[in-house]
Amino acid sequence: MINIALMGAGRIGKMHAEIITAHPEANLQYVYDVNKEFASQVAKKHNAELVNSPEEAINSDTIKAILIASATPTHTQFITMGAKAGKAVFCEKPIDLDINKVNECMEAINGIDIPLQIGFNRRFDNSHAKVQQARVNKEIGELEMLIISSRDPEPPGLDYLNAAGGFFRDTTIHDFDLSRFILSDDPIVEVSAFGDNLFDPNAKKAQDFDTAMFVLKSKAGVMIHINNSRRAVYGYDQRVEAFGSKGMIISNNQTQSSVERYSDASSSSKEPVLHFFIERYVQAYRDQFNHFVECIINNKKPSVTFKDGRNALIIANAAYESNRQKKVIEINYE
Amino acid sequence: MINIALMGAGRIGKMHAEIITAHPEANLQYVYDVNKEFASQVAKKHNAELVNSPEEAINSDTIKAILIASATPTHTQFITMGAKAGKAVFCEKPIDLDINKVNECMEAINGIDIPLQIGFNRRFDNSHAKVQQARVNKEIGELEMLIISSRDPEPPGLDYLNAAGGFFRDTTIHDFDLSRFILSDDPIVEVSAFGDNLFDPNAKKAQDFDTAMFVLKSKAGVMIHINNSRRAVYGYDQRVEAFGSKGMIISNNQTQSSVERYSDASSSSKEPVLHFFIERYVQAYRDQFNHFVECIINNKKPSVTFKDGRNALIIANAAYESNRQKKVIEINYE
Amino acid sequence: MINIALMGAGRIGKMHAEIITAHPEANLQYVYDVNKEFASQVAKKHNAELVNSPEEAINSDTIKAILIASATPTHTQFITMGAKAGKAVFCEKPIDLDINKVNECMEAINGIDIPLQIGFNRRFDNSHAKVQQARVNKEIGELEMLIISSRDPEPPGLDYLNAAGGFFRDTTIHDFDLSRFILSDDPIVEVSAFGDNLFDPNAKKAQDFDTAMFVLKSKAGVMIHINNSRRAVYGYDQRVEAFGSKGMIISNNQTQSSVERYSDASSSSKEPVLHFFIERYVQAYRDQFNHFVECIINNKKPSVTFKDGRNALIIANAAYESNRQKKVIEINYE
Amino acid sequence: MINIALMGAGRIGKMHAEIITAHPEANLQYVYDVNKEFASQVAKKHNAELVNSPEEAINSDTIKAILIASATPTHTQFITMGAKAGKAVFCEKPIDLDINKVNECMEAINGIDIPLQIGFNRRFDNSHAKVQQARVNKEIGELEMLIISSRDPEPPGLDYLNAAGGFFRDTTIHDFDLSRFILSDDPIVEVSAFGDNLFDPNAKKAQDFDTAMFVLKSKAGVMIHINNSRRAVYGYDQRVEAFGSKGMIISNNQTQSSVERYSDASSSSKEPVLHFFIERYVQAYRDQFNHFVECIINNKKPSVTFKDGRNALIIANAAYESNRQKKVIEINYE
């Protein structure tokens, strides 16, 4: 049984607590949150212990791993503490919004050999993963274009927007990582980004975007288009299309049931697509954690690394630069 | 150029007149209809000659073929006249509603070698034809079940119902023939039929059905289900499903455009299916006539024969018997 | 916490054990199976107690409910024991293959007021349930035709076939119940059945069918078609289509992912449909058990009753009669 | 009857000849082509007259309209001749590859009031037109993103490439115009273009692209993504997606039949999409010509104007500039 300390007991933390509990080989040992009320609720529900400080949990001999689902600014600190204590570390995305903090963390944990996994859950989605496989096994021949449509059902509140670090770093970062995942060993080298505020007054107040488009290029010449919106009335729109010399594979949306309706106004009408990430990526969140546990047990390196988290942030930062300068920006991963 | 005499200038006759005119190797020479007004209109529109009697048209040396789209009770008479005059004959379905008249006609034309084709247009539909091919080339392995859903968009008027010869002989006859077509050399040997009047007051007055289901069996054991309705609010529902030992092939409905809509209420919502047979089977009607012309030119036997028309009627008659006796009826084609 | 005794630890029993364990308000207390090896494995895995006799489990004061997943011939005995002990009872379908035993059981438990639920899981499938709602709330107007296609991925072995009681009583019984569920208060009054052995040598040895079609009628005139096969190479084919005066609703198949492929040979090609009932009805099995627990807690009558189990069997028996006599059989539920 | 002179009898000219002939109110009077062989064949097939010079046809009193389907460099000359002769003019896209020649032509015909229509056929496609309607009638609320995927089935030969004026001006010009059509009165103000040579050796020789992506912005802030390829193994990929505040509408691909296949490897597998523009846009080509005839008869201004042809070219030119400079280019329509 792998005992785990959960850092952060908010919306995402709660979900992870349930996944940990449901796993046959994992046990939720400690829960920490700066908000004691949250921590206490989660600890109670899952028969875990409430701890009063991160140190108490992370440095305990009882635990083998920490799962970081706390506020983004605390991520690098907890990663560092966990790594230095020799614990396996799972950290939600993004590592941090500030590349300097990410770099400092990278140096701080340099040379420490622990399983360290970043929470880019979409890589574990069965359907998206099949797109990546089709690229790797050349089922679609040589990949030439990749198109990701990724739209949230509704905009978050102003508080969230003020803390989230901006549309590209908070939301598109998933699509940057998914692009990197599908491209596999072919790195993204250029980005052009186009952000705008078309409808959301809160995004306007937060000086953030609600609508965005991107074109990226890989070293081998693959062209990537991403489009994002903070609101899609028909649900959480999550589509990936990989086009190649021998065909195309699309990871399409998933609906709430397999019902189709026919009336005098329409035919084959399906229900709206799954509402948001907790519904849409439930399988992916579960398999992401399965992978983490498996890496701990077999002492393997997780497939989603610190470097993956850092590189996605570097692309997001370059995207902001492109949007500001209205030109193509080359990406420097150094 | 093949000169053709059209017998009947009603709704179906008009459609055939247009198809004849559009064909590069056919010419509409004569138009006859008991209703002179109808005949005159069609003749005028297509630069054809109006004739005052069937004999005038059918026995003319100028024409090579007749196309019979007149009222059903006149079919056998015109077929016989045409055959005796040595003309190629295309006759709309059904040959007649009375099997005795069909048998008399069969005897009357016995031994006369002309191209004679019955208007079971659905055999020429590209999609349905692929189902038949998949059965013949064993793409789906051995055929085991065949399911046909065939529903009109709205019920016809009382006059039509009174003349049409009943739901099984007028409407299901297409599905009986389509089943025979897909089964190819494996004959239908049993039928169970279930007709009812569930919604249409005119069908009630005409002592006819508006809803029906059937189960048929072939000699090789294939089970066939057909369902019919006189009203489907979403359009002309025309589906064929062939299930076999190695897979399944479905000829699905066709919509008015390739548009799909997404809203807060539904996703992937298509437009209603094509409204009725003139829209849905336009390609089939055209290719059916192409086949007839090709048979005339190359002196070939059409693929849809008098016997096909007779056998479908025999099944329809047996279906009435089954519905009356509430039991399985064996089919005797003698 | 509701303590539960599980009777039967075979394939289905194991699945139920996992569902019980995962439920936040249920606890697997005892496991009994005539095969001690099976019982021991399941008990061990879920920290439950192994018992040596059904009585020991069922009569224990510790438990509040029994879940019967043992061999069919033991069902009525366990139901009776459970009811007399005042326990809530969940029993897998069918109640028994012999209507006399079912009737005896009905009398034996007559007047005992406990939650008693039969395992017609398909009623709890989200998509099928929406078809029933569309019939009840008249979204599709008046229901006129119901079409159920229900095909297993591959035939079971000879041992299973010899014990299962025949295709209609073991397999179609689900479709008979699903029809009854969708029809709601409109009873099925007639059945015509057509069974055959087209491909499976084991079914032949067991004098059983592998392919079947049915037409049933309700009191209000609704026509129902069911088709079954013991083998569908593309997976577990489970479709329900309800056609009414204002439209149609289809509960369609579900695929293993939401991926679509395009090549020079095909477009929009999806993966095979979910393999079998454990994959396809995982949500339904869970919600069926949720309902049982909810009924225990709130002392409610389950929505799937003993009578539902009995009526489905009566239809299956009438279906055999129809197939034998080759005619329509009226159904007598007395 | 409107007599028409056809300029150009190559692949596109032949298609137009057939459309003219099939139209009940149009007559193909003259055919001109610099290649006499081509002209002679088309004239013969459609009972038209062969002429030896453009003037002979265009200035004839017999004709009311000219249809220009000749090589691009001749377009402006023929437009000018036709306009000065007071004929209605239909001209295939593009008007010319050189904006200076387009501007000179614009001045030369300035003030001449004739029906003048440019051949942007996609505006007349039923499905694409419904996307435009959904934007205009606000069915999808405010338009925020527009995504066009437009891919040819296979690359043209080197000769074609050398004459065609480049990927953006020859191919993407359709998508630029379609974007303008859907945006209606909201002009495109910015373009970013990304072209590359990923697979086609002929395109390389012609210093042309085979793969391209674009992001454009409208004055109102709508973001537009276009992607193009010269080769899609599954057919002529033509999709348009309009995303707005109240929903989304997609004009999806169309397949060669409505057949769906199920096997042990896949389910719901459709046939490849329609092969190329002649198959895919047959309805659009026909309705485009219907519109032209209707404008002549009713003396109306065609909905696709010279200005539309010019503006699409201006966007294409700006796109080349963007690709060269690797930055966003503002579009100047003066």
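For clarity, chains are labelled A, B, C and D in written order, and residue numbers in each chain start from 1.
Here, contacts are C-beta pairs under 8 Å (C-beta built on N, C-alpha and C of every residue); 3 or more make two chains touch, one makes a residue touch a chain.
Just so we're clear, the structure is a prediction, and the values are computed from it rather than from any experiment.
Asker: Relative to chain D, which chain has the most distant C-alpha mean position?
Answerer: Most remote chain from chain D, centroid-wise, comes out as C.
Asker: Count the C-beta pairs in contact for A-B and for B-C, then report the pair with the higher count.
Answerer: Looking at contacts between chains, B-C has the larger number.
Asker: Would you kindly tell me how far, in whole Å, the mean C-alpha position of chain C lies from that of chain B?
Answerer: Chain centroid spacing, chain B to chain C, equals 42 Å.
Asker: Could you state the distance in Å from the CA-based centre of chain A to that of chain B?
Answerer: Whole-Å distance between the two chain centres: 58.
Asker: Where in chain D do residues touch at least two different other chains?
Answerer: 233-234, 246-248, 253, 261-264
Asker: Can you tell me which positions in chain A touch chain D when the two form their complex?
Answerer: Against chain D, chain A makes touches at 142, 144-145, 147, 149, 151, 192, 194, 196, 198-199, 211-215, 217, 221, 223, 225, 227, 229, 231-234, 237, 243, 245-248, 325-328.
Asker: Which positions of chain C touch chain A when the two form their complex?
Answerer: Listed in rising order, the residues of chain C that touch chain A are 22, 126-127, 130-131, 134, 139, 246-254, 256-264.
Asker: Touching chain A in the complex: which residues of chain B?
Answerer: 232-235, 253, 255, 261-273
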